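The following pair of complexes shares a single chain, chain A, combined with chain B in the former and chain C in the latter.
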Partner chain A sequence: MGGKAMLRRLATSPSGQVVKKQSHSPLHHRMWRAKWLYLALLIPVAMLLLFEWLPAFSALYNSLYIWNGGKVHFYVGLEHYERMLSDRTFRVAITNLVGFVFFRVIMQTALPFFAAEMIVNLRSQRWSYWWKIIFVFPMVVPQILNYLIWRFVYNRQVGLLNEGLKLIGLEEYAHAWLGDPNTVMWALAFVRFPWLPTLQFLIILGGLQTIPQEVHESAAIDGAGFWRRLFYIDIPMTRRQITLAMILTMLFMTQRFDLFLVMTDGGPGYSSMVPALQLYQSAFHFLEFGYASAIGVVLFVAMLALTIINLRVSAGATNQ
Partner chain B sequence: MANLTRKRIRLGNRDLPFQLVLIAFGIVTFFPLVLVVITSLKSNTQFYHNFWLPELPFQFGNYSSAFRIIWRYIVNSVIYSGSTICLIAAIASVAGYVFARFRFPFKTVLFLGFITLIMVPGVLTLAPRFVLVRDLGMVNTPFALISVWVSGGLVLSTWLMRSYFESLPQELFDAAYVDGAAEWQVFVYVSVPLARPMIATVAMTTLIATWNDLIWPLVTITDKDKMPLALGVMQFSSDFETDWGTLFAGYVISSVPLLCVFAVAMRQFISGLTSGSIKA
Partner chain C sequence: MFKQLLALSILLLVFGAFTGMAQDEITIFTTVGGYYPDEPTENNPNPPKMMNTLVAEYEAANPGVNIELVDVPSNISGDQWRSTVFNGQNEPHIIVNNYIRVWQEQGNDWYVPLNDHIESPNPYIPEGTPGHERWADSIPDVVWNTTYHTGSGNQYVVTVNAVAVGFFYNIDMLEANGIDTAFDISYSLWEDWETMIGEMGALAEAGYEPLALSMSTATPYTYNWFDGTSLTSMYIDHIESWWEPGASWHALNQREFACAIQNGLISANDDAFADWLGLLADFEPMWVDGYATMTWDEAYRLFITGEVPFLLGNAASNTLQVNRDADFNWSVSYFPPVTETTSPHAANNETAYLVGGFTSGFTVTDRARREGIEEQVVDFLMFMTAQPQWGRVVSDSPRSIPTQYGLDVPEALSAALAFLDLPIRALKDPDPRLSRRYGEDHRRLMQEFFTDQIDLETLIAEEDRLMTREARVVIAENEWSCDFQME
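Moving on to the complex of A and B:
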């Protein structure tokens, strides 16, 4: 009973009286009074310490070591980071990633924006609801199937793309899309192409739907057509959602390498390698856990920096 | 009456260009899916003979031979994702409630211990986490997946639950206290029922994330019988590489579970994903 009453006193109250009284009593008293709260947080805190914080610090720490994931473990300082500078594979991987992310960010923002713009322009509410459902639908397909289906699209012998080219008489362009170093990154950039990225689509759609009807009406009265409205109202007013969609795409594409692993495994040669895949291969194929950790640290820093820059730029643009 | 009809026609015409573009886009979207379904009903001979169109007789046998393999992966995934969802919902509600409703020493530090992890990408922790899980002897057991999925999901879920509980009005809790409810009763009978929409959001985001996770199962589960769907389908696709009908029948079957969730909880599906991400 006493414990319950104590908890009650800790519950936040608008009066603020309780808080003042608490701050006078010594720390260990206050902690003892909150013992049930600590107990309630025990499981999540323990899990996060063990499965999140420990591996994160282990990655930072082991990036300074040569480590095979087992007994072989000795200090080499910043050698892994130096090695990255001269690692040809890593350089290819970075170049690939930059181009890939750049392209995907534009595509995964422009395409859903375009579709969402069409949908909010409909007067029929029922239709705009159904179109929303239709374009969200492909997300019931498991992620792995996106890759496997597009592997079929690009298949040399019986692929959808080559068969399509044959159908319209352009057979001479038929190609081993994933087997040619010149086309492989483009092929990968267009995986899942006509399908909208669900999250980004819903975020941008949500943004466009919150623009008040009156704004559009008064723009129409002033004689603004579709394009003027697009560039002077819709895009500026959804800048926050567009930024969020871009950051999300950027973060997803930088750290998710299942696409590359399933479609090409970095090949042919190293022509479709990306840093996250190289991290995976270093650790799980070559047992270089130290080098893998160092790549992870570099990716982490890069993603953090890009997110901050992106937020700063968009905040600056909104303030003007 | 005449006036009304004219108005309707005019409205329809205004929508027409947008509708046409959307219809074209819709066709392109569904085309690959339709082709997968068509191919799943063909034998290899039929497939090589006619790539585009359906051909009689339909090979429903493809579905039974694919199902014989895929069903186990689906059951596994339902178990793994289901237990992850239940654990996250339970733990994140309690933790979110504690962070939202109480003041206690080190609360800020503990909470920062949760949310700073949002910045830590999974790819950074992949290799050391594997070593940890291996050393704990969890490789090739469901615990390898569930423990890591739960801890990873807790980060965002706790934050979402906390903001939801914070948004509940103080009067509500005061009323319950006046009626003599103990703290746990307030939590179980007042707060959790009110938080149902947010719990559904957490469940939905967790479902999508765990259902589609490929890399973590790939490094921790090697036993075919224990694979979750994503990994199982990849295994299946290399086992049936050139048997196109069976392969695509398997693809269709493995899309069914999420399709059912989508059909039942479409609104929740969409709003859950949107609100989950926007708050992030």
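Moving on to the complex of A and C:
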């Protein structure tokens, strides 16, 4: 009997269940024996606390202060939150964000789902593999490069979109897509068309692949076609993955400011302003770190609330 | 294994600390604006590299002193970069900065006042040349006076460059459309603002988009340039009453403009302000489609490919670029004056105003003091900006007009010299005029107005709210008194 097999046997109860290996030495003795491991663990934990958690929680504290990032630092209570209520920029930014996130959540969940469905239904394993590669490949392209490419697509002089319109005789529609308040948010929403984000795609694909083949075979015997199988088997059985993909998209899109910064800087006027960009500008353009922190706190609370609601709705639907 | 790794880490830390402590050499970190040495390329095998030569000469003459040229990252704004390096106490000892920024940032104690230093002799300036006895004498008073009005009475900036903006124009295209390309007045194609609008309007009717410019925040944001100069013209009869006591014509500092708002000397509800908005609204149809989010590079491409006849650019640094790229005849003109023809409020206005001038210069940062090397840092600054050295830098890379006495203006930039004779605009770009927040929100409000998202009434109401709030904020932050305007 090999070493691994022996260990498995020792850790398996007579009923065949894997049990925890019991240790008879006290916890502090075991910790002392592994002290170097704990010490080594301490460094990344300290880093995590210092560089991730502390800045995040310090936002709550700083939101109660006027702080210019330097010497000016004094307590103002909830003044920043009051200001936010009457801040026209923030209101416009929230309106823009809601529309943008709604659109992208739908697209970035539905299209990866259909892409994953397509792959799961392929008979050829080889083709399935290559399609996965094709869908995952964009992950290696830096985000900023994507934005610059899309900025070029929308370029009024030599952009792909305007050139395409000219080619098919729709020249009168060619214009500065990013410079027009009526088209700018749509133009931004279409960035990275056809919206196949790798992470969401892999999550949903993973969910679809866990559906037992027998279920699909039974459905086929019962005469269920593609659409019935989709709505009565695949979607209900991957609800958790779909929910996760939606939450992640919502979080990513709400936090997104680089897209808006690179493509339009929130313009023309405020027509593509979003709260994350306003946060960035408040902090780094105007040195209003207190107000920026308050925006961050509100975004955090809103995202947390939406995530909880989403999870509850999803859990409720699953239980039904 | 973990023990060994930990021990090695501690050893490295201790070694690093000791080697740091043992170091007795001085390293001066500096930014150099547009004068970084370039890497040779296939198309440009001998790029400007005079800064490297100067650094080598100084290091050779000062053993133990190292000079490091610090590149400002191009992917973040200058404001963001300064905020980061100053708050991290990692700022270079010398920074090239716009004097208006220095005014805005002086409350942070980031910069060392140079008052005493500029009164000292500069040993690097040859005997008999202005500045040898007194460093300040190497640069004309008009430059010092422009950058001086800090409210604190301190001089923080040594300005060795002058620039001016201008309309680059495609002579071939204008002549093909029957437009006269001779200057009406000494510095401009047009005698007044209305003539300019009329000629550009004729081009628009002929199917052209007349003027390429950028109103995005991507540098340079060229719309700002006529925002300030035209507003100056509209308030020509009032500006003198906004000055601090004893001042002569100058670019208003934040305090003067903020106090003028607080004291009710200027308001968005003024007729002159409404006339100014009307002037800009009449001009806006001449701008290229998409100007609101267009970068200057994109605007430049429209001009250089012959798609638009006019481009608003820097008449100094962009001249070299146009010279290199244009395959048509071109020249550069300045803004026309805004006169009575445009508005009764400009009835007494006789000239256009200089946009640009002595904008950027060298500042010495607080780091020099913290590290106790202020004298050495100033010595290097004296060396670099002295005529024998700076003359070589400008000849090597003619990007702007040198301000020091005794230096020749590069031939390519001679057209901009005529513009430099104009009086400086009293009202600078919206951002330095009052605050960054004002500049940014003003830009966005104007964009909303130009793109019909808000009407004139809303614009005036929003501008009034914005100006009043920002004036109150900057006055409170700096604890300024505004009584001087009421005396």
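As a working rule, the second predicted complex is superposed on the first by the 273 of 320 C-alpha atoms of A that agree within 3 Å, B and C clash if a C-alpha of one lies under 4 Å from a C-alpha of the other, contacts with A are read in each partner's own complex, and residues count from 1 in each chain.
Throughout what follows, a residue touches a chain if its C-beta (ideal position, glycine included) is under 8 Å from a C-beta of that chain, and two chains touch if they have at least 3 such contacts.
Being a predicted model, the structure only gives us computed values, none of them experimental.
Q: After lining up the shared chain so the two structures overlap, which partner does A:His175 touch, if you call chain B first and chain C second: first, second, both or neither?
A: Second partner only.
Q: Could you look at A:Thr264 and tell me whether it touches chain B, chain C, both or neither (first, second, both, neither)?
A: second
Q: So, A:Ile204: does it touch chain B (first), chain C (second), both, or neither?
A: So A:Ile204 meets neither chain B nor chain C here.
Q: In the overlay, work out which of chain B or chain C sits against more residues of chain A.
A: Of chain B and chain C, more residues of chain A lie in contact with B.
Q: Once the shared chain is lined up, is A:Ser293 touching chain B (first), chain C (second), both, or neither of them?
A: Touch status of A:Ser293: first partner only.
Q: State whether A:Arg156 touches chain B only (first), chain C only (second), both chains, or neither.
A: second
Q: State whether A:Leu97 touches chain B only (first), chain C only (second), both chains, or neither.
A: In the superposed model, A:Leu97 contacts neither chain B nor chain C.
Q: Examine A:Val140 and indicate which partner it touches, taking first as chain B and second as chain C; both and neither are also allowed.
A: first
Q: Taking the superposition on A as described, I'd like to know which of chain B and chain C A:Met246 touches: first, second, both or neither.
A: A:Met246 contacts neither chain B nor chain C.
Q: For A:Val274, is the partner it touches chain B (first), chain C (second), both, or none of the two (neither)?
A: neither
Q: Just which bits of chain A does chain B share with chain C as contact spots?
A: Shared contact residues on chain A (touching chain B in one complex, chain C in the other): 37, 40, 69, 158, 284.
Q: In the complex, go through chain B and note every residue touching chain A.
A: Residues 11, 14-15, 18-19, 21-22, 25-26, 28-33, 35-36, 47-48, 51-52, 91-92, 94-95, 98, 101-106, 110, 113-114, 117, 119-132, 134, 147-148, 150-152, 154-155, 158, 170, 173, 177, 182-183, 208, 211-212, 214-215, 219, 229-231, 233-234, 237, 244, 251, 254-255, 258-259, 261-262, 266, 269-270, 273-274, 277-278.
Q: Can you tell me which positions in chain C touch chain A when the two form their complex?
A: Interface residues on chain C, with respect to chain A: 2-3, 5-6, 76-77, 79-80, 83, 86-87, 107-109, 215-218, 289-294, 298, 301-302, 305, 307, 435-437, 440-441, 444-445, 447-448, 450-451, 453-454, 462, 477.
Q: Within their complex, state which residues of chain A touch chain C.
A: 36-37, 39-40, 68-72, 88-89, 155-158, 175-176, 178-181, 184, 263-271, 281, 284-288
Q: Where on chain A does chain B make contact in their complex?
A: Checking each residue of chain A against chain B gives 4, 7-8, 10-14, 18-19, 22, 27, 30-31, 33-34, 37-38, 40-41, 43-45, 47-56, 58-59, 62, 69, 115, 118-119, 121-124, 127, 131-145, 148-149, 153, 158, 160, 163, 167, 194-196, 198-199, 202-203, 206, 244, 248, 251, 254-255, 257-258, 261-262, 276, 279-280, 283-284, 289, 292-293, 296-297, 299-300, 303-304.
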